[in-house]
Amino acid sequence: MSGLLPSPLLALRGIGKSFLGVRVLDGVDLQVRPGEVHAVVGENGAGKSTLMKVVAGVHQPDEGTVEFAGAPRTFRSPREARQAGIGIVYQELTLLPERTVAENVCLGREPLRRGLVDRRAMLSHTAELLASIGEGSIPPDTRVGRLGVAQQQVVEIVKALALDARLLIMDEPTAALADHEVDQLYALVRRLQEQGIGVLYVSHRLKEVFDLSTRITVLKDGRAVATLDTADTSADQLVRHMVGRELSSYYPGRAKPQELGPVRLTVRGAGNRKLRGIDLRLRAGEVLGVGGLQGSGRSALARALFGAAPFSTGEVTVDRAPVRLRSPRAAIRAGIAYVSEDRKGEGIVAEQSVLDNALLAVRAVRAVGPGRAGRGARTARVRELLAAVELRAAGEDQEVRFLSGGNQQKVVLARWLALAPRILLFDEPTRGIDVGAKSAIHDLVRRLARDGAAVLMVSSELPELLGMSDRIIVMRDGRIAGELPAGASEEDVVALAVGTAREAAG
Amino acid sequence: MSGALSLPARRTPPGVFVALVLTLAIGWIVVTVDGGRLFSVPTTVSLLHVAAGLGLVAVGQTLVVIGGSLDLSVAYVVSLSTLVAAETMAGDDGALLPAIGLTLAVSAAIGLVNGLLVTTARINPFIATVGVGLLLKGYLDNGYDGPAGKTAPALVQSLGYQRVGPVPLSFLLLLAVAAAAWFVLARTRFGHHLFAVGGDPEVARLSGVRGSRVLVTAHVLCALCAGLAGVYLASRLGAGAPRVGTEGLYDLESIAAVVLGGTALAGGRGGVVGTVGGVLLLASIDAIFNQLEVDVFFKQVIRGVIIIAAVAVYARRAMRKAS
Amino acid sequence: MTVLAVSALLVLAACSTDEPTTGASGSPSGSTGSGTGPGTGSGTGEQSKFFVQADYDQQLALLDAAPTGPADKPWEQALNPEMVETAKFKKPGPYKICFSNAGLNNPWRQVGFKTMRAEVDTHRGRISEFVHVDAEGKDQKQIADINDLLGKGCHALIVSPNTTATLTPAVEAACRKGLPVIVFDRGVDTTCPVTFINPIGGYGFGHVAAEFVTQKMKRGGKVLALRILPGVDVLETRWSAAKVAFDKAGVDVVGVEFTDGDPARTKKIVNDYIQRYGTIDGVWMDAGAVAGAAVEAFEDAGKPVPPINGEDQLDFLKLWKEKKLTAIAPTYPTYQWRTPIIAALKILDGERVPNPWKLPQPTITQDNLDEYVDPSMPPLHYAMCGCTDLPGYPKRWK
Amino acid sequence: MRIARPPQLLKVRSGGLTPIIVILAVLLVLLTARQPDFLSPPSLMSFLGRSAPVVLLAAGQYFVIVSGELDLSVGSLVTAQVVIAARLIDGDPSAGWPVVVLLLAFGIAVGLVNGLVTTLLRVPSFITTLGMFLILVGAVYLWSDGAPKGSLSEEFRRLGRSAFEDVPALGRIPYALVVLLAVAAAALVLTRSDFGRTLVAVGGNPRTAELSGVRVWRAKTMAFVLSGLAATLAAVLIGGYSGVSFQAGAGLEFGAITAAVLGGVALGGGRGSVVGAMLGALTLETLFTLMNFYGVSGALEPTVQGAIILLAVAAASFRVPSR
């Protein structure tokens, strides 16, 4: 039937893009037909977001052509893409907290009447849009800053919808949405579909992909490895395409029972604004995987344990001693380290040298760990660590911003290792890191566990989660939805994460 | 909250007006006890005149600050404007309009330079506008030995001294300009985009806003306001005065008024209504201390404290909002 | 800059008085004065556009005129007075006298104002209230202040204008109110005030200093002229008179530099000139504020201090005395702050007063130096304050 | 091939000394062209000696700027310190050292207040230090009602005025120069110390610093304290060099900030070197002398200075790859 379908709304041919030498996209072909929901799936770092940003004019491709509505286009800025009729819902929010919902929704394309911004139109227009996705409860004239994350996500979507786009890009649109909101989103997407709008839909949630899409393109390591008609594709097939390799061969061996040491970390009945009733135990030598959808509380858990967004209730003990993790500093002193998912914003100091970045923590909390040693010794140790993590850089004086994602992550790791932490918290340790470096990081994580550290690893990347973890807990709505033993399947995880095992299987 | 209110103005914290009322109330009591009269017509007129000059500059300053920038060259723009105006008029009413036109053109040009230095040349606004200020200072020092030119009598009588009841024409001008600025911020794309650029340039960009263009426009408008202030001062002084801007500390005081009005120095939050409040607050302090014949140095100290305290309060609120 | 402006405003007087420790326009650290490049005549450069031949001649004439009035009270004396009728202002006391002050932002004005208050105290019986408003060196504020004072039912208004042209409308407005207006220090472009009080003025000051330097210095020597700021009328008159004198005598003025009244900057400038020319044979200053610094610069460079002029500030006078300098100190006497009060009372009594009221402008020379050096007074006190007979002396001035 | 790094871009970016060295070199060439013996030991020594205070302030300002803040209060602090010293010493030779200690304490206190208000009360440092500026200037005038009282003793002034006489080869070495060298050395050590590097991280990415266990508020406050100390030392030298005056510190904050920016220290923090800042200050001083020797009209100097600053900074910002 594909023959009968109209000519493509969007056609990407041989799109290639590199950042600082890292090849992120490589000869990607992709077509979206009017009224089609085209899902793009793939591991984190497979290049999905970059591809979307190329289409939206945020990035310009190094090679390849973008064809929109039958004409070859080169979008030099988001503005041009928007004017051409391409809307995008970004993964990270692009809202101004100080401005009202309406002002955000209409930013850049405020409705005019006699050359002036037509406030009434703006408000009513926004109200309609909100109503159209069943979010009429959000008043268009409240400051976005006053809304919760989920509501902000809705606004983000509405913002993209606002410019009657012919092609709408949705990059993890349901990330922060509650289930009922998700259903409304479905309805919305279908409505768009009927209006002949093409939708590029990026998601981790297989369920959504199968519920919504007409076709699916699988990205892997920057290449489009397959485009499938959803109708005649099964979840297993899709997963195979996505992973497309024997898991075990890619991940270091798991901990053997005798390698597991004493309990390092216990959490009892802990919670805060984002988490409720958290109970968990973490043993020396083990890697505890934390799964769940974005916004399910998996990152919040790591941040709470690190004191960045502390628990307000419950007890935490480290090596049986009760600790109060009020601040990162307190956590660090308790022997906890944290590798954030936001490397640029929370991991590195881009304009400082490799050495300075690696020394940052030791310098900050001299009193703990081997930091007490003389500066010379300390620096020497950090140099060893940088070597140990097999950092590839021009030298220890090179500015970190010139390193690849993988090497930046290694620097961050070295920073923490310098404190010889007993507990390491990883949030998406390999996000935005190319495959080569990934396994290096994985090996490091495992080696740390073997050396007696207790590791908690948050990952939205199922293969990684399954491949690395000795045990997996899955988060949903700020709670621990369930725990899985090593060797669980992706479907098991998704089932717990989405809370509907049957459907999850597709 | 109805839609009509959902605008920058609504976000202006009333704090400054509370402070204003309190100041006036307390001031009035103290002055009365001291045997003076705070709200006598001449005192009120003087207060409003002082407010008018500073206010015009501060309204313009508000725009650049909302955009996340800063203009420290305004004091010199003011001085220059008085001279351009007065010298072009040379006491001739006929030359009135051309003179005002020329003055505004000159200041707009300076604003353009500021804007381009900040956006195109990517120079930090602080350095850029201070640098431009130095250029102007050199020109003024070199070219003028003191007051020069003669303002058209018509302007002196009207803008300079005419008043409606206790309200000077100049203050009405300020209100008009402030209203216009409020309108621009609330009802034009430029206004909306300015808040976006000040709030988060990247978000603005992703939303298709042309950041540089917006910021340059803001700088031009700011300079225009300074130019207008110059015209007013020329009408008040009857001549051009090469130092009136720096003596009036218009650069410093305009920023003080802006932050007192609740506009965030970081940009993206605030509005002109608050600024007008800030201006009136500063002017009232002036008036009260005048009545009490308080030492100006003491006043200086008080001002320093008030400015810091005010911003600290706003910062607290912002934090509470955030949490 | 912002910041500069403030400090300048607070620190300095320039635009508000003849007394120039000033920099109201403020200028960044590291900025300096102007050498009028080599080759422009005797190096004095263009004549100031402020130079007015008539005023110049008149002031030089006044220098030799014999004052009328009590010899021991120069602040009550007048030079070739022309009296004006004031009968129409006659009122019974006690009086409310109001004073709109350009600023209090430099030592000269500080000393002057203390003197004025002391003068007021001597008339306690007759002056029931003395209202003082400080314009902080802001024209527009002073205009507002004057307008404000008009509503306070003053019997007489004293104005020390911040600038000449720009205050004129406000003063005229005051005159129209029908109360006697007395202007002193800097004048205004209107004849409506009952009297305008000030000493001989800038041309006299500049001339006396220049003549002295020219005579004492070795023939054909090099003179360095140090000025506070460009663009302050009174300072311009002082310099333009000096320029005339130097040009006439064909003196080689190697540099005319602006110090912003900053001693550090002054020392740097003098230091650079000594290095550039090996030796400087005479120093002319348009104000005494930084004379001390200039002298030090020579000492630090191990050079003899050449003939130099300062002003009647005590730090300079002390330095002069102990270092045995070849120096002179023309003055712009602070005792003129007494006169407006005296004038106001005369006017309210309907007595005739001189207009303009030209006060003598004594010069401190080697011969009368000792009369004025009082080691107990603070360094920035002005010896020519005529305040020794006033209540509260010396404590009040310390 | 995974590491992209345009070589000299990196040089200019980090360290960033190249531009300032070039500018300084050019100025020195022009200077010696006009005044061949300028670089001769005696004149050079005295030049360095008298430049010491501004260089000290630039060094102090570096720490504040690199931590992401700004200190506009140093100029007023210098004035305050000199006036305080004069009044406390009042010509009494023995009072010298105790007073210096007291001044240091005061400098630290002012730095602490600036730092704590900025970090704990979240008031932008621009406002904090501006307020502090007003307060200090006002307070010191108030305290000495308008004219500095007392005088500095020769003993106190020696540090800023005298020198080691007849040193072989060099002639006389001003004490100020020695102080400068000592402080410069200390500053250099400090920037390489844990604190120094951490401070850069704080300016570069406060979030990362916080999450790495750095007490950001503490680091920034320390920076302000250092700036206060630098200002105090500068005050002692300036007071010594030219005696007491309300002009002592006028505009120095501006000079210091400009110097730092000229020296490649980025406003906003995270980039630059203390050496660059100090070279920047030296450059400004050289410019000053240059204009003396070339007899640039004093009135035009601001223009020249402004132009040079704008050009230099623009040039630098163009060579830096944008974020």
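We just call them A, B, C and D in the order they show up, numbering each chain from 1.
To be clear about the criterion, a residue touches a chain if its C-beta (ideal position, glycine included) is under 8 Å from a C-beta of that chain, and two chains touch if they have at least 3 such contacts.
None of these values were measured; they are calculated from a predicted model.
Trainee: When I count C-beta pairs in contact, which pair ends up with more: B-D or A-D?
Mentor: Between the chain pairs B-D and A-D, B-D carries more contacts.
Trainee: Compute the distance, rounded to whole Å, between the mean C-alpha positions of subunit B and subunit D.
Mentor: Comparing mean C-alpha positions, subunit D is 31 Å from subunit B.
Trainee: Indicate the whole-number Å distance between the mean C-alpha point of subunit A and the mean C-alpha point of subunit D.
Mentor: About 45 Å, centre to centre.
Trainee: How big is the gap, in whole Å, between where the Cα atoms of subunit A centre and where those of subunit C centre?
Mentor: Result: the chain centres lie 73 Å from each other.
Trainee: Could you put a whole-Å number on the gap between the CA centroids of subunit B and subunit C?
Mentor: That pair's centroid distance is 34 Å.
Trainee: Taking each residue of subunit D in turn, which ones touch at least two of the other chains?
Mentor: Touching at least two other chains: 130, 133-134, 137-138, 141, 145-146, 254, 258, 297-302, 305.
Trainee: Find every residue in subunit B that makes contact with two or more other chains and list them.
Mentor: 130, 133-134, 137, 141-142, 252, 255, 297, 300
Trainee: Which positions in subunit C touch two or more other chains at once?
Mentor: Answer for subunit C, listing residues that touch two or more other chains: 1-3, 6, 8, 10, 26-28, 104-105, 230-231.
Trainee: Strictly by the criterion at the top, what is the full list of touching chain pairs?
Mentor: Pairs satisfying the touch definition: A-B, A-D, B-C, B-D, C-D.
Trainee: In the complex of these two chains, what residues of subunit C are touching subunit D?
Mentor: 1-4, 6-8, 10-12, 21, 23, 26-38, 104-107, 109-111, 227, 230-231, 255-258, 260-264, 266-269, 271-273, 275-276, 292-293, 296, 300, 315, 378-381, 398
Trainee: Taking the complex as given, what residues does subunit C use to touch subunit B?
Mentor: 1-3, 5-6, 8-10, 15, 24-28, 48-50, 104-105, 131-134, 136-141, 143-145, 147-152, 162-166, 168-169, 173, 229-233, 236
Trainee: Using the touch rule from the top, collect the residues of subunit D that touch subunit C in their complex.
Mentor: Contact set of subunit D toward subunit C: 35, 37-38, 43, 46, 50, 53-54, 72, 75-76, 79, 130, 133-134, 137-138, 141, 145-151, 161, 238, 241-255, 258, 284-285, 287-289, 291-302, 305.
Trainee: Considering the complex alone, what residue numbers of subunit A touch subunit D?
Mentor: Per the touch definition, subunit A meets subunit D at residues 20-22, 306, 308, 328-329, 332-333, 338, 340, 345-353, 356-357, 359-361, 363-366, 375, 392-394, 398-399, 402-404, 407, 415.
Trainee: For subunit D, which residues count as touching subunit A in their complex?
Mentor: Touching subunit A: residues 1-5, 10, 13-14, 194, 197-198, 200-201, 204-205, 207-215, 270-271 of subunit D.
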